[in-house]
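The first chain written gets the first letter, and so on, giving A, B, C and D; residue counts start at 1 in each chain.
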Amino acid sequence: MTDATTPTEWVLTISCPDGPGIVSAITGALAARGDNITESQQFGDPTSGLFFLRLQVVSSATREELVAALTPAFEGFGMTWQLDVVGRRMRTLLLVSKAAHCLVDLLYRERSQGMPIDVVGVVGNHPDLADIAAFYGKPFHHIPVTKDTKAEAEDQLRALVEELDVELVVLARYMQILSDQLCRDLAGQVINIHHSFLPSFKGARPYAQAHERGVKLIGATSHYVTGDLDEGPIIEQDVERVDHSRAVADLVAIGEDVERATLARAVRWHAEHRVLLDGRRTVVFR
Amino acid sequence: MTDATTPTEWVLTISCPDGPGIVSAITGALAARGDNITESQQFGDPTSGLFFLRLQVVSSATREELVAALTPAFEGFGMTWQLDVVGRRMRTLLLVSKAAHCLVDLLYRERSQGMPIDVVGVVGNHPDLADIAAFYGKPFHHIPVTKDTKAEAEDQLRALVEELDVELVVLARYMQILSDQLCRDLAGQVINIHHSFLPSFKGARPYAQAHERGVKLIGATSHYVTGDLDEGPIIEQDVERVDHSRAVADLVAIGEDVERATLARAVRWHAEHRVLLDGRRTVVFR
Amino acid sequence: MTDATTPTEWVLTISCPDGPGIVSAITGALAARGDNITESQQFGDPTSGLFFLRLQVVSSATREELVAALTPAFEGFGMTWQLDVVGRRMRTLLLVSKAAHCLVDLLYRERSQGMPIDVVGVVGNHPDLADIAAFYGKPFHHIPVTKDTKAEAEDQLRALVEELDVELVVLARYMQILSDQLCRDLAGQVINIHHSFLPSFKGARPYAQAHERGVKLIGATSHYVTGDLDEGPIIEQDVERVDHSRAVADLVAIGEDVERATLARAVRWHAEHRVLLDGRRTVVFR
Amino acid sequence: MTDATTPTEWVLTISCPDGPGIVSAITGALAARGDNITESQQFGDPTSGLFFLRLQVVSSATREELVAALTPAFEGFGMTWQLDVVGRRMRTLLLVSKAAHCLVDLLYRERSQGMPIDVVGVVGNHPDLADIAAFYGKPFHHIPVTKDTKAEAEDQLRALVEELDVELVVLARYMQILSDQLCRDLAGQVINIHHSFLPSFKGARPYAQAHERGVKLIGATSHYVTGDLDEGPIIEQDVERVDHSRAVADLVAIGEDVERATLARAVRWHAEHRVLLDGRRTVVFR
């Protein structure tokens, strides 16, 4: 994939139990090769006792050579690691229902803003957004979901994920709940946008709840999906100011802007390997 | 207090069941007197069916003359109304515990920023902040509260409110819960600052909860106090961005800035008669 | 267009020299008809001495009947006024070059978010964005502009504006400067988005300037176009936080989000008759 | 000062020409000692070709031992470096005129929020704020400045800086311009708060300018002071939303909140060695 003679920029992410010598072990191995670190961020979480590192390095090594050079560090510190090429587009499947704003936004950013995702397909439980997928040249899969066909629909989804070699699933206002089993199987690979500032207004109709409560800010939360609905690790949140004069429909419209911006940041950071899991929390190296 | 021969700027707030002719009835009565409306805001809440109006008017009338001119409208539409002189400083009692940031901020704004409050006293259930009150020339009342003395302490508080002719009580990080009875007696006159973005993280230790949940924004909520703790009508909310690297102590420090700014806005708007109650919600004419 | 027997919601905007009795004259005339004011905002500018009013009123009158009822007020106070039906979609022409983000955003909001504009055409001085116009079913007019053909191109533009009965022209990242004469002819009808927080970084390459200066926030400004480039009355501004690590290309990408959101708000407010001109400034009744 | 047997947390900042092996040289030297890096941030500026590093390390070494261990790296890469104890309070002199908000805020944060500054004195060219200094137990020096006494006043200031061993001078709304010579002598040690979003509205009366221009956001900028007034490297900026209804006096009051918050962040980051100079720009490791 990458040629040893042309220098490539790699992104390496690591997590392991905290302790002395971690950074030195990694940077020493790279320095010994003469490779140049261009970006580096680290965080030691005193609560979990875990250490997190993300760095970008320019190297003329092949992937195998790099891994070989780093393996003593990986093994010596019991590291969980990922190594990828900077800017490689992550194979992504978008799941939608009827609301278009997040879909339009992500497809636009893929095409025009250099977001490093490669949307390999769009799945809708309704057919409404097929034309938008078509405009961007994306295959659209209509997989309806009813109470009776839910298991079957998930099998189709699962088959698609395998067949298309999907690395990331984005629930872009997909109004179906994934089964616990699917959540577990795709742990850390599914990002959702929830239309409230979690943990406020969990569950259905959050804008109606927000209106009733008379809040002065409405928000959106992008998080990894776990079996525990709306409780997965939070990646990004944002809010917008509203006032008493806004009806529920206004809140929904204003909320759309916050949702798509929040989801877009979460997807970009994930695709750039900037998000690391730290138990129920995330470390985001922006 | 006001002299009929010098024009005074008045602020009038009104709420009543919505219907045609309300604004005309009020503005017609003022126009008939030749008075000039300088500011006006209105809102009809389709949910509650209530209409809200706030206006400022320059008039050479006495208070009695103004009320007389407006009484047909007041009575014809079943209005609840308030009439005050613009800029009159509202007699305010501040309740504190040990945290100084909101106290320092409000006293500073009273003295230097023209916030229209007249702080007639500071009550602390701890003596720690007496020196700050003294610096600003405010009487400090130490009223300790224990489980056994709570009723007695509230009697002292109540006596102080009456004796000092208090119009507004501000819980400036006062770490005691007022009794249901006191809440009812002072309904619409007590403003609290809650150190979270309600309804998230209700109850104790919200910053610890926020840290545990890994939120990316922390917030503060200023609201009227009702018997239902942390559930009173919200006046103002704000947030500040945080990330994974912030410990609970950092969240507390960052939160202080949001708290004092949020509380200051709520107090100012209340003192300027910009906040009207609409059931569980507020109408804020900023 | 509107039927006298079905009540219609109208929006009325007024500006005139400030003085007593203005609001009463208008609301009295409406109350005499039994019409119900549903929204009202006003502002007296002490600097310019002008008074501004925007109100929405539900009435079963025809337009002619309403105007007749209000004419004594209009004439008595020397009012400049506009009367429109709430929600009527304003005939809008979008001018673009190569950057797609504002175009995509406005067309999406017209179709899916109820923004009250009717995009009657898209003009590009480059052909690049024709496919996006086509997807949304909008006629695309390629009008190239060179030094030599500028006058001719403006004639084409002007013809299009007349032929399509255009009420609003939006420069959605249109990288050409309109002639002074065209600016004057379309005064108050042309909205631009400038990719900086004006008055910082006027002129070309604002993101490069912002990078060089090391600013910590980048912004966008939406304003009416006047002959004085980048100096027209400001309608809306917003900013986004950046840091030292952002290259010029990052600032451009981040800026796109601010630009499209800022422009969308300005266009919506204009189309809802919420923006009134006050000399070099605007009054925005949000 | 620090005892070799108790581990101390140090903060090390470095800048040097970019190239391979820098991080490894530093972290390797620390790892060889068994010291644990707890925080680390780096940035390579492709424009200036400079590399910046800030790290915190827990070590039982004395300062001399640490420097000795790092000297080969310092010298090998031509590094400019600083080594300090984390949390050590930086000796700070505050310069003020009549406006109290920044002074009150900084003194409060020093006392109650753990901002790592040690305010060793307050200088006022007016005597107005002496009582606030006194309340916080700070010596107040009244050094009036007139056209004729400016040189003499600066001599007094300079003497104070030396005598009190001042490391940081904060212009907390000090309405005098320092001479070029003094700016040069204290380069990188003087922080100013400018009451606008630079580079907008440079010079005097920025809020009046902002009002006249009708901007929708007002801002503040904290920057290092250089001879080139209002053009020094920017450390932090922030904005607040305003609308047409705000008079100049309102903008000033709203601006005060932005100013004090912006200045406080800049001072904290500087005192924590989070701000590094990169030509006309700053690198801020937040």
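Assume a residue touches a chain if its C-beta (ideal position, glycine included) is under 8 Å from a C-beta of that chain, and two chains touch if they have at least 3 such contacts.
Chain-to-protein mapping (UniProt): A, B, C, D = Formyltetrahydrofolate deformylase.
Predicted, not measured: the structure shown is a model, and the values here were computed from it.
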| item | value |
| --- | --- |
| Contacts common to subunit A and subunit D (chain labels) | B, C |
| Farthest chain relative to subunit C (centres taken as mean CA coordinates) | D |
| Which of B-C and A-C has more C-beta contact pairs | B-C |
| Centre-to-centre distance between subunit D and subunit C (centres being mean Cα positions), rounded to whole Å | 42 |
| Distance between the centres, which are taken as Cα means, of subunit C and subunit B, whole angstrom | 37 |
| Multi-partner residues of subunit C (each touching 2 or more other chains) | 43, 245 |
| Chain contact graph, described as a line, ring, star, complete graph or other shape | complete |
| Complex interface listing, subunit C residues touching subunit D | 43, 45-46, 197-201, 212-217, 219, 233-239, 243-245, 247, 278, 280-284, 286 |
| Contact footprint of subunit A on subunit C as seen in their complex | 100-101, 104, 108, 112-114, 131, 135, 245, 253, 256-257, 261 |
| Interfacial residue positions of subunit C with respect to subunit B in the complex | 19-25, 27-28, 30-32, 34-44 |
